[in-house]
């Protein structure tokens, strides 16, 4: 849990105290409420949901929505980011258009997507895609631009064509930073897809947690809350692990900003 | 030098020309009727709706509502992040105690807290403030902690050698040192504050552009919908511009020299 | 009876984390003396300077200033750090950085302006008061740090390899400026360096430390006339003899 790899016992105290405190408080005060549930009941609800498959089915739908959008928007964004970085004239010409569209909050397009696609995966792909597209575009562009200038000089000295330079020098050199961009886009895709489901789209984890709240099932609602946290944590940890295994510490420099 | 200047101006002009072209194509497509005007109104109709909305005061009120939600949630999170972040950042033991909890909360999609907030506070403005504050707190807190924990050790020695007291050291050395990280966190959070405002307004029907565009879509009033979306884009652009400008102003020393 | 020394290390020993860094360091420094400390890397010369500054406390023994033990940093002892880039506040201008020392010393705001201008001129930075450290060269930044230290009106100036990171020309210029400043004010100086020639050129006395643990190995007076000159002093037979002696000492300490 810590950077040193040792288990951080001190860090376990706070979460455990929160959980135990909530449990004891609700049990001893005998509070029965439709907004909070003791952690023991939350665990029961979580296990129940996992066993009967509803949680996993919802997770699958959410991840499909997230990764579908990531695949469509992210790959388009990466492609265009490379083009923008390699051909500065295009980048310059598109600047105003990109800067005008980028700040539109992705969820503002929800009603538009709702009118065009109706409920279902379509709207999720579109909106997750919009978010991932611009994120990948910007990060890819700066990743490719950030390639050590000396390498570009090497390519010129070797008289490589622009295509060969891009393919053989620039892309491999920017690969670690491209993976960081992908990792950030993947985290974002999960956040956006759950947001869409909470707001309008009747499917997946977001809809399930909303339904649990409306059905006055605080145990189930909190179970979904914990589960969503775990899914986010696992996705993040998995991608970080992949990044470390693939690129070592080289890629971590990008994270500061 | 001169050729660079020419290129910059020509580039800027070309860039605006391309944007104008995109709007023109949008107009042409809308005029042709290939896509039903129910889904795609022309820029002329969207613009007219924008003007109408401001003339009647409706859009002004909705814009104000969204800005209010954004600002209050963001403000609460900023204050909390600075107060907690400074305490956690300056004491390694405190840092070790809270890091695992923060690591769990950071990747948690902020909108997942909406149902909890509704359960506690109902469909109110307080709910929106809570959700926005919750969602923007973690990035700001982590960034602030980083700022306070990475003060150059040599500066602490300078403070001791000059006999500067504890409070003065915090005010004159630690706080300015951490400022770049604090401001970076605040800048990043503005974007999430806007997204969460829109979502809360949609779900809870609170006064604001999020609610306005949702209702416009339900009633198939697409010019109003597009006007709202354009306005939200403007808010997104201007809010990060304002924060970036404030940041550059406060961190002038970073941008001068090498 | 001679008068009490300005500064004294009296059997000072420092252990950090169970490891003895400095052992039984003893020497006196007379007021107005310029003493250089040399030694192979890892001999604890920088640590000795932090003891002198009151930033560390000796485990046993004492460090005394005017016969009083140094138990904490004192306003009349100023320290110039080697890494000027880290020791200056990047968000304050040159004026603001010098002002920091005056704020700490409780100098009223009204009196600061003139004194700052005076100090800037003294270190050759007149007219640069509104620049940020980031806009200055390494040499200028180190001048600024020296100005901040002079703002404390120190009776003892501690310098930790202050010119180690500068190029040769800048270094020689600053050496002469420091000698001139010190000659005018009569400040006592302890100057840590790994450059033997620099130590001989600047000092009235050179103390050499032996490593593991750090202890005094050699203490030689420098009998070279002042003012010193970058060309003639360095060609003086006495200079060359001292250089040989100290070179052999360092070689011997590493063996």
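Should a chain be cited, it is by its letter among A, B and C, assigned in written order, with residues numbered from 1 in that chain.
The rule is short, and it goes like this: a residue touches a chain if its C-beta (ideal position, glycine included) is under 8 Å from a C-beta of that chain, and two chains touch if they have at least 3 such contacts.
Please read all numbers here as calculations on a predicted model, not as lab measurements.
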Exercise. In terms of CA centroid distance, which chain is the most far removed from chain A?
Worked result: C
Seminar exercise, completed: Chain with Cα centroid nearest the overall Cα mean is chain B
Seminar exercise, completed: Cα centre of chain A to Cα centre of chain C, whole Å, reads 54
Problem set entry | Chain centre separation in whole Å, for chain C relative to chain B (CA means) | 49
Exercise. Once you find the CA centre of chain A and the CA centre of chain B, what distance in Å lies between them?
Worked result: 18
Exercise. Mind pulling up the chain C residues that touch chain B in the complex?
Worked result: 53-55, 72-75, 77-79, 81, 83, 86-87, 89-93, 100-101, 103-105, 131-132, 134-136, 152
For this session: Give every residue of chain B touching chain C within the complex, in rising order.
Result: 152, 154-155, 157-158, 160-164, 168, 172-173, 176-177, 179, 251-254, 256-258
Problem set entry | Residues of chain A that touch chain B when the two form their complex | 1-2, 8, 10-15, 34-35, 92-97, 99-101, 103-112, 114-116, 187, 190-191, 194-195, 198-200, 206, 209-210, 212-213, 218, 221-222, 224-225, 228-229, 232-233, 235-236, 257
For this session: Could you please specify the touching residues of chain B with respect to chain A in the complex?
Result: 11-12, 14-16, 18-19, 22, 38-39, 93, 96-101, 103-116, 118-120, 184, 191, 194-195, 198-199, 202-203, 209-210, 213-214, 216-218, 220, 222, 225-226, 228-230, 232-234, 236-237, 240
